[in-house]
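Next, two complexes with chain A in common: one pairs it with chain B, the other with chain C.
So, the complex of A and B:
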């Protein structure tokens, strides 16, 4: 049992946190949210939600989980305590990914079907703006200062920088084919944008809005076409960036200072999205085709456990 | 709003110096310069009506007279959405020649009007008659219709790109799946039309290439007649079992019925209980309504909202052609055919087109590479290339004629 040692280590690490974290996973085909205990890495509960749940995000206080129910054309709001769906938000058609303003008052959602980014007031539950963007908007990233929203459009192949005061696009940066995800570094100096079909991650300077680095990936024995970057998460100290590589079934570990790829961690099949636990000791990947999530020990860069969840796990968010 | 959006687009970047320089040329701080930077990219849909078409053998299928052009229309809209952030104005010029009209004269008129970027829906001979004139005029023809393999192996032109798939590509896509299933013994049934013979040749080649065996081959003669017959099934139910009787042991029927004369009669009527593939049953196809993966849902919905019917193979071919031009124009900041051509055959070109990987062009014959769907009328069954079929360049080059098998050597 070679896995026993890192497993124990993982539990010891997790046990060090104040209280058990909970991992929320949306199951795209299962029409459900699976809740996994962050300490024991076992499934606590599976809750039925709307049709084709994909992107999910927690409110800053962790009380609410916002769920893009894509095929219901709505965003559902779950009480993370009672696991009940409280109400829905008007999202526009086919919401896929969302992000929240740092104060949790606004939800920004990408509507893949009508080339719009929708801004929703979570308190009033009304749509307050629609911003026309490129074809098939998908990735949504809000800067930590809340001033800038980046949306990626999959067929236009751009990262659109949107001023959150005016809801106007200020910059458009052309990236590689089919950009899926945008993630700001904790200091908001950079935005990292993954291009699924292009097989690259573009690092964009948030000041000049120019691409400063392009990260590409090579894995022995894996065809280049199978390396399809999607989800990105960067540690607050900018030590590591973790990048989900889709059908390459690996998460790339990148030195977030030098942009060098350090390692490829084998996870489940078709890895989509990633989320840290609150103290960033663990990161979890959703593996769509193998119906599981992988738990990765950030300190040791080891995959410590796979946890079976629902059908086609897609989004993931961790409550502290 | 648009100018402000375009204002800071595409700053020069150390990584892509060429693009950066182009951007410098495109962009300037003043409003006047912005207007000057507006780039007009007209793309022409060129097609000729086809006379005396029969309705499909399955009367469930509509007789479409707008295949292709509708895909081009959608792609222009997609290009425009991107273009508005860049100061690029894409527009579609539609030139459809009547069945008895003069295609050459229409093409000349288009050239005279300054049009240089064409997406065509015409057949192989018509296309190759236009090719030398296109070459001379520095125009590009993106063929979104022909399936002829000789256009990919012998009759190549630097002015001609193909976004439609050749018969060999589709036959190989099906063959890989049948071999993966270990359904290696094929009963090939061929129609009596010239295009059926070409398709049958593609299946014979695919069988040899991937280690399948054609254990029996029969020809179904087209004796003409109407498609609608009162109680027609009574005869079909008697004729097809007899027609398929006494074949050596086989795993699967492969129907080469491009003319759509008999294929639909085969399923459930064959003497032996065997699956039917090829032109009916399990069909290799560039596009189908059943495909919703890799973002396919979005384009299916966009198309249906725009057109009011599902997107077909030919619509998709035209969409990829117009998008290929759009992608090249976006990345190079130009509408010059020569520069677009060079970009499209270059290593940097990649087109996202809902197939899970980038579409690119084969340099030697300017044929688009793409995964091929294997579909039934109501469900996606698989996508080729199949796992384990390897190639030194890309697994996509296991489909169709490869470089050493082609006499074409464009863009060496």
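So, the complex of A and C:
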């Protein structure tokens, strides 16, 4: 009986709490989305989707998951409740990464093959603009006020700043080789852009559009060329930035005020993209070669668990 | 040329191109004959797979611990499924007394890292030999094609049987080239599988520290 009371209490508490968060992971080679329970960190379900799913993003209300089905040249829209694909959106060829406007009405997708950023109206399901950018566009970041879109082009080595009213490029910022990802700070004051081959993250002032800091990485026992920054996530309070370092198999923890690297957490092989849970107590990394995701406790900066998902996990998004 | 041959010839020409060139983004330090889409990283870095206690300073120290020395090749044996090897590593870790654990798990990982490094180096050398052979065969096919073009002009002079023989030889070479080329993804995958196993073993050991 002594054990029964706490158990009953635990069930009562569980019943009273909000629904557990769900982690959606795209498996690039598995052609599927794996859904992981955010509380128990166990796989709930794996759902087949289009070919070569890479970038994924949730609508602001969490009802829809937008999936770049790169080899199908389309964006699929999944109902996160029923896990069914509802319809597709015209994306242009080979969509790789996407981001949404803050109101969820627009999807911005980078088309790696035709050097365009495609703008799609999610309600009307029509393409409303195509913006010519540099060669091999990849990273996509929308400012929190929705006014600015940053796209990075892998071969041109630039971050293109696009005005979302006019769909015109207003600034081009040269960064290091093969820029992969763009992330705005929560106050939109800065954009952080990772350079995979350059091995650095450029911090760009969103007012002046000039690089103010460059973060580089050095890990004892790892050759410099294995340090390839890709995904970036910054806490809303700008305490930490987490940067996925590709085949270094580490996530760098950076003080987002001083730009000093504080730690390198060993997660899984070929760490690619990152996503926070809604209250930013956990951050999840996709590890392509070890076919798993790792959960990092943000307060303690410890990897708490790795969870096997599908083949070559790539994108990650968390529904609250 | 028959369509089938045209497709095979495309394979032959493709075989002569290193993978990095086909992808348009050559990596720093990648040999020109590297045929795999995987990035050329000839040596494993310890930091990519291990964040646990420091390994012994002396290389090969793991060989002096008989239990570790027996376990290392077993854990890396690709006939043993990776999951089973990982479970075995965990069992070993749990069986080591707490006070000894850091030292002996580091010793075991030293053995795994050293031995996997040697095996991986051999795999890389094998992949490059494979690529060189394919290149040589592709060159021979290109020469045969040039010769056949010359012979075609001579058909009127009565060299038909010789031309048929040369064509048959060229077609055989194309078939061999094509068959081998189909194996390339598997060949290139071998070091990746080894790295996956090493990483999983390292993670299992670190999880018990």
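Keep in mind that, in the parts below, the second predicted complex is superposed on the first by the 302 of 320 C-alpha atoms of A that agree within 3 Å, B and C clash if a C-alpha of one lies under 4 Å from a C-alpha of the other, contacts with A are read in each partner's own complex, and residues count from 1 in each chain.
Simple rule for what comes next: a residue touches a chain if its C-beta (ideal position, glycine included) is under 8 Å from a C-beta of that chain, and two chains touch if they have at least 3 such contacts.
Everything numeric in this text was worked out from a predicted model, so none of it was measured.
Enquirer: Using the superposition on chain A, decide if chain B and chain C clash or fit.
Expert: Clash - chain B and chain C, as placed by superposing on chain A, overlap.
Enquirer: Does chain B (first) or chain C (second) touch A:289, or do both, or does neither?
Expert: second
Enquirer: In the superposed arrangement, which partner chain does A:249 touch: chain B (first), chain C (second), both, or neither?
Expert: It touches chain C, and chain B stays clear.
Enquirer: Name the contact category of A:266: first (chain B only), second (chain C only), both, or neither.
Expert: After superposing on A, A:266 lies in contact with chain C but is clear of chain B.
Enquirer: Between chain B and chain C, pick out the one touching the greater number of residues of chain A.
Expert: It is B that touches the greater number of chain A residues.
Enquirer: Please indicate which partner A:214 is in contact with in the superposed arrangement: first for chain B, second for chain C, both, or neither.
Expert: first
Enquirer: Identify the partner contact of A:82: answer first if only chain B is touched, second if only chain C is, both if each is, neither if none is.
Expert: Touch status of A:82: no partner.
Enquirer: Touch test for A:223: chain B only (first), chain C only (second), both, or neither?
Expert: both
Enquirer: If both complexes are laid over each other on chain A, which piece of chain B (169-177, 205-213, 241-249 or 331-339) hits chain C?
Expert: Stretch flagged for C-alpha clashes with chain C: 169-177.
Enquirer: Taking the stated contact definition, name every residue in chain A that is touched by chain B in one complex and by chain C in the other, in rising order.
Expert: 155, 178, 197, 223, 225, 247
Enquirer: Which chain B residues qualify as touching chain A in the complex?
Expert: 1, 4-16, 19, 78, 81-82, 85-86, 295, 297-298, 301-302, 323, 327, 330-331, 350-352, 356-358, 394-396
Enquirer: Quick one: which bits of chain A touch chain B in the complex? Just the residue numbers, please.
Expert: These residues of chain A touch chain B: 94, 112-113, 115, 134-136, 154-158, 160, 168-174, 176-178, 196-198, 208-214, 223-225, 228, 247.
Enquirer: Which stretch or stretches of chain C touch chain A in the complex?
Expert: 25, 27-29, 39, 41, 43, 45-51, 192, 195-196, 199-200, 203, 206
Enquirer: Mind pulling up the chain A residues that touch chain C in the complex?
Expert: So the residues of chain A in touch with chain C come to 155, 178, 197, 219-223, 225-226, 247-250, 264-266, 268-269, 289-291, 306.
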